[in-house]
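In structure tokens below, several structures.
Next, two complexes with subunit A in common: one pairs it with subunit B, the other with subunit C.
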Partner chain A sequence: MTQAAATEHHEPVENTSTGLNSRKLMMWAFLASDVMFFGAFIATYLVYRGKSLVGPYPSEILDIPITSVSTFVLLMSSLAMVLGLHYVKEGQKNKATLWILAVVVLGAIFMGFQFFEFKTFAHEGLTPRTNIFGTTFFILTGIHGAHVTIGVIWMAILAYGSHKGSLRPDSSLDLEIAGLYWHFVDIVWIVIFTVIYLISASDGPPLGVGPTIVH
Partner chain B sequence: MANLWQKFTKHDGNGWWNLPHTGASELNPDFEGPIGGAWFGNMWRSLTHGNVAHAGVGFYWLVGLILAVITLVEVWLFTIETLGGWFIPLLLILSLGKFVGVVAYFMHLRFDDRMFTYFFASAMIVGILIFSLLLLLMKYANQPVLF
Partner chain C sequence: MTTKSLTFPQAFPRPKSSTGIWSWIGTVDHKRIGTMYGIVSFIWFIVGGIEAMLMRLQLSSAENDLIGPEAYNQLFTMHGTTMVFLVIMPLSAAFFNWLIPLQIGARDVAFPRLNALSFWIFLFGGLIINASWITGNAPNGGWFGYAPNSGSTFNPGMGMTYWVVGLNVLGVASIAAGLNFIVTILNMRAPGMGMFKIPIFTWMTLITSVLIVLAMPILAVAGIMLMTDRVYGTHFFNSLGGGDPVMWQHIFWLFGHPEVYILILPAMGIVSEVLPTFARKPLFGYPFVVFAGAAIAFMGWFVWSHHMFTVGLGPAANTAFSISTMLIAVPTGVKIFNWLGTLWGGNIRLNTPMLFSISFIAMFTIGGLSGVIHASPPTDAQQQDTYFVVAHFHYVLVGGALLGIFSGIYFWWPKFTGHFLNEKLGIANWALMLIGFNLQFAPMHWLGMDGMPRRIYTYAENMGWETSNLAASIGGFILALGILVFMINVVYSRMNKVMSGNDPWDGRTLEWATTSPPPVHDFDEIPQVKYRDDFWFQKHPETISEYHHDLHDDDTEKALPVVSDDADGHGDDHGHGGIHLPDMSYYPFILSAGVAIIGAGFLTNTYVIGAGVPVLLWGLVGWSMEPVNDPE
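Now for the complex of A and B:
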């Protein structure tokens, strides 16, 4: 690599004590704190796993095929996000807008799946007040859903900005920071899907307690 | 064979397991592809944009495809009843793979300044430690489940 090429491609040095962009560092600090936030709820779920004395229990109510589809949708939204950022950096406005819009649509579809799931569970008798599974499940997935909702609104604003031309290569950091948030929401769901849905899906009543009687 | 292993893991002391020393928009050093290693990096470079630090569109599609396949494998494992004690460890390993894939490539930690990696990894380690201790405490300290 020549000296000129190296200089041309070098990342601008930020005038901060770390040499890093403060906004980006702030987002990473927020995500680090959010790790603790979600970690607390996931740990609480695991502590009380299998301790519900009344049903419905996870084995009776969790629908793995449907949740697998919503997990796939959220994963693909992460792909759309990174492609959107790529095209913003390349200055391809139309492609960037399209992919950011795809993030909004896929995020909204995921929210739709979650709404459908919550509604079905409530219809089958599981609410946050029913048992300890309901309480820990709805709090954890509900807070994650709130994060997704904030992300969808944020992405919709950025998609509008991209369409209007205010999201340019020199301001791509705006999308990069939003993208960090969006990908974090995705990795939290990766953990939730594994721990709550796949690992706990066969959890029934504790020993000595009978299954739910369906009237 | 030993030579291949050296190339894959330890090329210039900056193989697969280490982050590149370059900044986000800096050129990758020679023999350092987006997933590291000399010969592997060169293969990926031909699939992506070439000699750039941030990977190209093809690479992101590839990572997305791998993540989707891992999800399919997870769901497939769920349907197998003979796994027994292997079920949870296998799922956790696959889940960790997806987690690392998103954080390293989609969140660009693989290409970004190492400070961000240290920041996030520190929080992950402290978080996992605290909550593992909590789980152990609840399991072995004979705590009442509810009040």
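Now for the complex of A and C:
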């Protein structure tokens, strides 16, 4: 939360009752809170799966190969995150900056894919107002996208800090805490990808609804 | 930190003065923030009380036309919303703020500026919801906001939008405060204070904070869904688009039932502090009270559908939720026996705090028992949407949470201010509240049994409900008179100060070890803790052998050789020695103003959101660039 507070830490062992850093502990608690936040949206998606009364249905519109690529990009950003933290701790400033920048770029590419996907879907006739699939799909992936955007901005600030030399081995906790958030957002995407793209890929109209409208 | 120069321009100098309005806006002191929480939520308490009194006036006779159905809907919605989110939760937060650092022997919470942020966002959130009165269209869909009645099809006015935006803003404040207190309690305990040596109120605060952090996001999800349904035309709760109104009930009560325990657990913690002090015995079965609290918090997640027995979820779901609801009565009952066991054989003094606490046990037991009755789906089918339910939850929320909070006010007032509240006025306050409360809500039990529905603005003359309703209305005004006596007491006690000294009640926990009121830095020297109720055993060492003969077996956690000396828990490695407190800051206020403007933007137009974003960013950037302490 504060850049300044972390620079006060010179020792790995924290001077707290649990021995854990307070900011790190708070990030974990926040992630628990965020689990409930995403959990409620994902549960809603699952409950409403296959309940759309009109098309386009998931089987008609989801493009799994393209989304697999963007998922791969996002997963690679977590690898870059790990390497970035490693080099910050090692004190190798340039490599650290490079890898943190890679996180920013990969995150931005993922966002680009999502923007493209939203635009394509809208073009093909799926908006949040079209049917319950559209409602749940756009809000859930949109909320996730908002998380990624915040993460990209956060990582960009840290990349700048690394470049300027204020992100040093003794303040690597700043990056570690941002990394906890980044990995979490990544893991949530794995769940969303599974639930929306893999499980619902063949979802068509519910029983009793007429033939599929072809777009 | 000293190596990094500050480049962010400050629009005005950092607050330094300890008096005046700017010192309150810039404060990060947990005691001042606690005081502000207390004052603001008491003002909302008066507002919510007036709303209740208007409803009681309307219902005092049959076919009354004082208040029409539209206004009545707004009154019961705003009464519930106000009392839950703007009164009981923040009054508990006032106690958290004041007491947690004092009880665990710390100089402040873990994140003092975040704490200030929580308060300011809470303030703005309350103002947003209540601003709807001024625009003439207050929320009218009940505090539970059931879809589709809360959707734009059936509720086209702006009222429920205010409600959703306000609650989401308040949720941010609650989550931030919850995170703060979790970290504070885990990380900032005095040396030697293991988890099973912290005061029981601190335990209940920890459990409540965990519940807040896990439950409030679900309310946020419900709010976002309702908001997008209302404003952008999505279909979450719209059956024509494939959505399902029952989904709202599931999500809302998945939040709403843990919320009930968020409201009651702090009061249970207060009572668990008051009873041992005035019985002059340790709390009976401390670990049982702790684990019962944790069990309530855990099981509270598996009972939500008992609010929905009449929805038609089917016998399997109803049975499962019926069993879990009956089970959750067990840890609650354990606590009641713990309190009775604490009183048993004690050297009891019946001061005002004790009177409130004992009434808490009695009233909460009545409310708890009528709650177990609802756990049976066939019985509940008779009671759903009748005044019986109103009677039940007022017995646990007024007779429970509110009496517990008043007990805490009388108990800790000397610590907060340095002087007592007047005892005679206190007893009058207690007696009026207790009598008025029972006269108001006990008749609602039989009104409900007789079939009087909730949320109706009037009733027919020949139903036989007049006498009970009149009694309830008279009781309501007696209860209000009790609150008035409390306010008189506060003023009277301030004008005729009877100084209390540091430890007027022969207290047990660390807050009584420091001066009344405590200095800014709370403790001149961070206390070293050896026992549970350490302060008591320091004062009465002769009782140590009586209670701690088996300490070496009982001592589950070794004393921690840790000195948490810095107010923000980061340890004091400046090498300056002495006491470090975080400097004051305007940024929490600025950041919360940004959140409030963005919230208001959802109610007006997008340009306002655009105006809020720079304020928010100013707060965020300024905050992150500003060091906790200016370089000396």
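The definition used in the following text is that the second predicted complex is superposed on the first by the 199 of 215 C-alpha atoms of A that agree within 3 Å, B and C clash if a C-alpha of one lies under 4 Å from a C-alpha of the other, contacts with A are read in each partner's own complex, and residues count from 1 in each chain.
The rule is simple: a residue touches a chain if its C-beta (ideal position, glycine included) is under 8 Å from a C-beta of that chain, and two chains touch if they have at least 3 such contacts.
Note that the structure is predicted; figures quoted are calculated from it, not measured.
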After the superposition on A, what does A:Lys93 contact: first (subunit B), second (subunit C), both or neither? neither
- Task: Could you say whether A:His163 touches subunit B, subunit C, both of them, or neither, answering first, second, both or neither?
- Result: neither
- Item | Partner chain in contact with A:Ile132 - subunit B first, subunit C second, else both or neither | both
Message: So in the superposed three-chain picture, is A:Ile190 touching just subunit B, just subunit C, both, or none of them (first/second/both/neither)?
response: first
> With the two structures laid over each other on chain A, which partner does A:Leu79 touch: subunit B (first), subunit C (second), both, or neither?
Replying inline: first
Is A:Ser68 touching anything from subunit B or subunit C once the two structures are fitted on A? First, second, both or neither. first
- Message: Between subunit B and subunit C, whom does A:Ala201 touch in the aligned arrangement: first, second, both, or neither?
- Response: first
Intersected contact list for subunit A, partners subunit B and subunit C 1, 5, 9-11, 18-20, 25, 29, 32-33, 36, 40, 47-48, 51, 132
Seen from subunit B, its contact residues with subunit A in the complex are 23-27, 54, 56-57, 60-61, 63-64, 67-68, 71, 74-75, 77-78, 87-88, 91-92, 94-95, 98-99, 102-103, 105-108, 113, 115-116, 119-120, 122-124, 126-128, 130-131, 134-135, 138, 145-146
Residue set of subunit A touching subunit B in the complex reads 1, 5-6, 9-11, 18-20, 24-25, 28-29, 31-33, 35-36, 39-40, 42-43, 46-48, 51, 64-65, 68, 71-72, 75-76, 78-79, 81-83, 86, 89, 132, 176, 179-180, 183-184, 186-187, 190-191, 193-194, 198-199, 201
Listed in rising order, the residues of subunit A that touch subunit C in the complex are 1-5, 7-11, 14-20, 22, 25-26, 29-30, 32-34, 36-37, 40-41, 44, 47-48, 51-53, 128-129, 131-136, 139, 143, 166
Subunit C residues touching subunit A in their complex are 1, 3-4, 110-111, 114, 175, 178-180, 182-183, 186-189, 193, 213-218, 220-222, 224-225, 228, 232-236, 241-244, 247, 251, 254, 560, 562-566, 568-573, 623-628
